[in-house]
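Letters A, B, C, D and E name the chains as they come in the text, with residue numbers starting at 1 for each one.
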Amino acid sequence: MGGNTMQPLANITPLKPAGAIEVRNVGQVFKTTTQDVVALENVSLDVKPGRFVVLVGPSGCGKSTLLMMMAGLRQQTSGTITISGAPIPEPDPNRVGVVFQEASLFPWLTAEENVEFPLALRGVTKSDRRARAQDALKLVGLDGFGKRHPHELSGGMKQRVSIARGLVQDPPVLLMDEPFAALDEQTRMTMGDELLRIWAATGKTVVFVTHSLTEAVYLADEVIVMSPRPGRIVDHLQVSLPRPRTYEMLSGDAFGSLRDRIWRHIRKSA
Amino acid sequence: MSAATLRRLIVVALIALWEFLPRAGLIPELFLPSLSSTLAAGWNEAGEYGHALAVTLYEVAISMAFACGGGILLGAIVGSLPRPRILIMPMVSSLYAVPLVILYPVFTVWLGIGSESKIAFASIYGFLPTMLATAAGIQTIDPQLLLAARSMGATLSQRLVRVIIPAAIPTVLSGLRVGGALVIVGVVVSEMLISSAGIGYLISRYRTILDSPHVFAGVLLVLAMAIAFNAAIKWIERKAAIWQTGTRAGQDAAGEIAPTGLQPAT
Amino acid sequence: MQSGFAVKATRVAIVVALFAIWEILSRTGIVNPRLLPSASDTLATLGDLLQRASVRKDLVVTASEVATAFALAVPVGALIGFLIAENRYFADVAKPLLFFAFSIPKSIFLPMFILVFGVGFSQKVGFGFFSTIFIVIMSTTTAVESVKVEHLTVARSYGATPVQTAFRVYLPSMLPVLLEALRISMIFNLTGVILAEMYASRDGIGHQIATWGENFQMKQLLAGVVMIAAIAIAFNELVRWVETRCSHWRT
Amino acid sequence: ADTVRIGLPTKTYWPTTIAETAVRQKLFEKEGIKAELTIYRGGAETFEAMAAGAADVILDATSLVSAGRKKGVNSKVLANAAMGYYGWQLMTLSKSTLGVNDLKGKKVAITSAGSGSDLLALWTQQDKKIEFTRVPVGGGGLVPNLLAGNVDAAVVYSPLSFQISKSGEARTILDFSKEVPPNLAAGWIALDKYVQDKPQLVQKTLNALYGALMFMRANKDASVKLITELYEIPAEIAALEYENTIMKLETDGSMDGPKITEQLQLALDMAKAGGMKDLGPAAEIISTQFKPVPTKF
Amino acid sequence: MGGNTMQPLANITPLKPAGAIEVRNVGQVFKTTTQDVVALENVSLDVKPGRFVVLVGPSGCGKSTLLMMMAGLRQQTSGTITISGAPIPEPDPNRVGVVFQEASLFPWLTAEENVEFPLALRGVTKSDRRARAQDALKLVGLDGFGKRHPHELSGGMKQRVSIARGLVQDPPVLLMDEPFAALDEQTRMTMGDELLRIWAATGKTVVFVTHSLTEAVYLADEVIVMSPRPGRIVDHLQVSLPRPRTYEMLSGDAFGSLRDRIWRHIRKSA
């Protein structure tokens, strides 16, 4: 999926370079019939283009909510969010791609049709669509599996299709909400390496949510740790391990101490 | 306004219309007598209706036992054995597509015009949905649960009583809800067609002599039976299946009818 | 595949056996053949009936009524079912009432339909519609509820318009449940129309069956019943066949 | 041309034969009108259809007209069609030894409550001073339930009665056409409003119907053939139906004869015995506005 | 759950001490309509009483199958298996307790009734049952939650109930098939510590299946690595890390090299 086969960026005049994310004093309150739930409070965050940022925090702390707001799928109650310099009042697949768990693939479509889905919505011609879906599938290493239905693919393969679907419009930002949660640990490790390879090849900004601290440190340039509800940012770590990351680093001291630091935050709040 | 309030308002409005439309002469009394004259007619012949109700309830009770007992038993067998399931289920579903009512007159010939033919007809009517629901319920039992029971040394009968039956209860209940409604309909309809006793008989008899207030008094009793049955199932659901609250499937079972396993109510 | 063939063969064998029992019961006089004409006689009568122009006309009449009632009940019922599934409040109001309406013997209302529509096409279609709509509503509700939230979110995140969401997510997700719903709705629909025809009508196959019944023409009656059963089963199997085709992606 | 919708209670029942003859002999056309025949499930349903405005002129039991008046359905008997229950018989299985007087405590099948068969059953109870149970089984249930032994006797109408006595399966123990005193059991009926709006159409309809009756009386072969065809029965049974039913029907339909009120009252009294309530006096439901002038065929 | 409140061992005359597991040349062939699947081939294995053994291997290699045979839930096609010295032709909860994923709790029973279930099957009196269920629940730290239904418990709590149910008859052997697979990583870690505590307190032999290599090394005395189908044992590692295990060990070299060794086996076979 070279940039040449991809659509140019949406026609926005970026104040910031494509792929930058700016979250300023953002809050989110859910009004339910019984009470108001403050999910997020005063969250501020800057992601520079091309960075790999991982979000961790206890269950219910608002990670998914924050991601939804960055994707334009939900509007914040207070504060501002800009993506590539402009607010995101509604989903814009040219600026932001979202990757969900494998279960989010449409079971009635083939792998290739799933990847084409975002393009079909915009009326891209059949042949153009097919070509770009092929590129995206090749990028995630699924050359030749395009005609299969999701139920004919393994968990890891499904997740690759999901990623290809998020990438097919070549958005500068990729948001991923626990994409590997349904995979077993071994597939997960392989998928992590795969994701880093794709990320390196495309240079996207990635925001990635996970519960696995090992995965967080292994993948990230920066790890953002959130507190339990109301969600706030309690730590922001720079992971300065060299790239490419290798499996051996997991046993290193630098790795261990980063993970311990995160673990202490989480344990405190549990 | 809460949903329940609006629902009650709708019911009240319907009742008011029932009284008002015939009174105002907007609908001839022959087709819809006012609620008050219906109630009065029912009250005047309370003894007759009481007797008919007893007959109908008796038939409903027996049919219910056959339809539900048989439906659960056969559903359990068919649901747990793959071979009969593959063989029988499609045939049952096809059989189901046949409008059985046309055959009822022939039916009476075999079993007579007393309660037997009503019971047989209503039992078949209510049997199919109960059986289909039970089979589906058994089929969808999490095999993990059976495995766990086996690992603890449960015998076949212990697995049946302690795992299979409780696990199938929610689905079976939703089948019973439909099956039971159809049993009532089946008894009343067959009484309306050929019989000499019961609510359905009264409805038919009064209808052919154009005595509509008495017809609708009978209809009211049928409605009351349907309401009472529904309330009974709800009560059982609450008692038997507290544990399912919290799961989406559980919530659904409480207020929902599985579309599979329905038969046209005539 | 071989076992698939065995299953089909066994099914055919069961059906043949049933017809054989019927034939024997009647032939040997275990059952009075006046009350139960033999299977062969009934099938012969069926063949004879199908030759008659009037019976064929009746079939066309019934078919057109069934088709019209169905074409009306399905979209209207689906729309209401959709509203109920998507709107909690509407659901709370309507669901108990609908269930209740479902459990009333509908034939009580047959005279009302004559009052409103007279006797003819519209009355039969009306009653067919009335018998079908409740089940369409209830099964559409189930179908809509079977749509996964994740899939809707995905569509939204790619900027799908409501129409695109409807056709590209709702419809395919619901298709298996919806086909099942159509199948059952058709059963209700057929029963409704036939019942209306039996009650008051100038034509239609239900009218014929009722007449044969009233006049104790057992051969014709049974032939008619076999004919209706065959049509119902054929439709049933057709939809089930489409069902398996359309949900090949289901594991 | 104006269209009249004629309601008939049963397919194999003489009014159907008359109306069908009128259609086939183009008598309605000769009157300059069109007719649409609808066969309902029985007398009550036919009456309901008229009340609902789905049928204009019907043939039905006169007692229903009286009962309908109290329920807001105003109609009248326009023409006298039959003065007796022709072809109606009380029958048992041939192998049974029961006579009428042995029916005490037994089960007797009728089509439905309030129907002609019910009235005859009640009349039998009163006349013979015996009590038995009347079991409504519908038209299609009479013969099967009799043959199956579910009932001990049945009130059977023609041509079924002729059919099963001919086949030897059943025998007659009471012939109502002979036993029941003449009464105005069945008549042609229309709503008052319809009569008021379209008196000429009603007149022409009656003309055609009585024209048909005349035609049938004059053409035995053609009529027997029609009955054979319509009812799908053997010709010999059709001939019996012709002789014993069609030929017995009233030919002039006049409603102002000397004994009409009395004979209609007798029919209503029988209905009262059958459980019908709120029946007004006979005079209330007589219309003498029309005198059928049989259409020339 | 002291040994005193527990039922004595089943009346077998052990050739080996209670809790020993011996697997000799075991094979398992599944006959399907289309072909025969050789799931396991010539597997031999000795587990000494009181050891904590973890089974890892790629998906479909036969881990669950092996466990099922040890539990008496399935019979091997060839070879022999003895538990506490005797073959196990059918499940015997006095010798072997099995713990599945949380989903295996009976949703219509309370926590306490779930734990009592195996006792109820044997007709233990109500009061006796209750007392022993209380002990087991206390052991897994669920004192006071007995009256709740599974849906009212968190994932970790459900898993504790599951363990209590496996322990309630005080069997010398506990078999666990991916018991923590449905839990998120943080709960999983806590549950691991919890399990080690229970194991230490009761001295049972544990055979534990997992996909997580970190979890495997963290928990185990010995790790057994299996090859893809047909499943064979390709490695058998002794984990000599001291006990109690601590979170800090994860970053240690010893830990890392053990995990790497396993990972290489797995990667090779993938």
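One rule holds in what follows: a contact is a pair of C-beta atoms (placed from the backbone, for glycine too) under 8 Å apart; a residue touches a chain by one contact, two chains touch by 3 or more.
Which protein is which chain? UniProt says A, E = Nitrate ABC transporter ATP-binding protein; B, C = ABC transporter permease.
Just so we're clear, the structure is a prediction, and the values are computed from it rather than from any experiment.
*Asks:* Would you pick out the chains that touch subunit A and also touch subunit D?
*Replies:* Under the touch definition, subunit A and subunit D have C as mutual neighbours.
*Asks:* Look at all chain centres (mean of CA atoms) and spot the one farthest from the centre of subunit C.
*Replies:* E
*Asks:* For the chain pair with the highest number of C-beta contact pairs, give its two chain identifiers.
*Replies:* B-C
*Asks:* Measuring between Cα centroids, what's the chain most distant from subunit B?
*Replies:* A
*Asks:* Report, in whole Å, the distance between the mean C-alpha point of subunit C and the mean C-alpha point of subunit E.
*Replies:* 53
*Asks:* Once you find the CA centre of subunit D and the CA centre of subunit E, what distance in Å lies between them?
*Replies:* About 85 Å, centre to centre.
*Asks:* What whole-Å value do you get for the distance between subunit B and subunit D if each is reduced to the mean of its CA atoms?
*Replies:* 39
*Asks:* Multi-chain contacts only, two chains or more: what residues does subunit E have there?
*Replies:* Expected reply: no residues.
*Asks:* Which positions in subunit B touch two or more other chains at once?
*Replies:* 28, 31, 105-106, 109
*Asks:* Would you please write down the residue numbers of subunit D that are in contact with two or more other chains?
*Replies:* Within subunit D, the residues that touch at least two other chains are 48, 51-52, 138, 140, 144, 147-148.
*Asks:* So which chains end up touching which?
*Replies:* Result for touching pairs of chains: A-C, A-E, B-C, B-D, B-E, C-D.
*Asks:* Considering only the defined contacts, which subunit E positions touch subunit A in the complex?
*Replies:* 58-59, 181, 184-186, 190, 210-215, 247-248, 250-253, 255-257, 259-260, 263, 266, 270
*Asks:* Please give the residue numbers of subunit B that touch subunit D in the complex, ascending.
*Replies:* 25, 28-31, 33, 105-106, 108-110, 112-113, 193-196, 201, 204-212
*Asks:* For subunit D, which residues count as touching subunit B in their complex?
*Replies:* Interface residues on the subunit D side: 42-44, 47-48, 51-52, 64, 67-68, 71-73, 107, 112-115, 133-138, 140-141, 144-145, 147-148, 150-151, 274-277.
*Asks:* Quick one: in the complex, what on subunit A touches subunit C?
*Replies:* These residues of subunit A touch subunit C: 71-73, 90-93, 96, 98, 100-101, 103-104, 106-109, 117-118, 120-122, 149-151.
*Asks:* Which part of subunit C faces subunit B closely enough to touch in the complex?
*Replies:* The contact residues of subunit C facing subunit B are 7, 10-11, 14, 35-36, 89, 91-97, 99-100, 102-108, 111-112, 115, 131, 135, 138-139, 141-142, 145, 177, 180-181, 183-184, 186-188, 190-192, 194-195, 198, 209, 213, 218, 221-222, 224-225, 228-229, 232-233, 235-237, 240.
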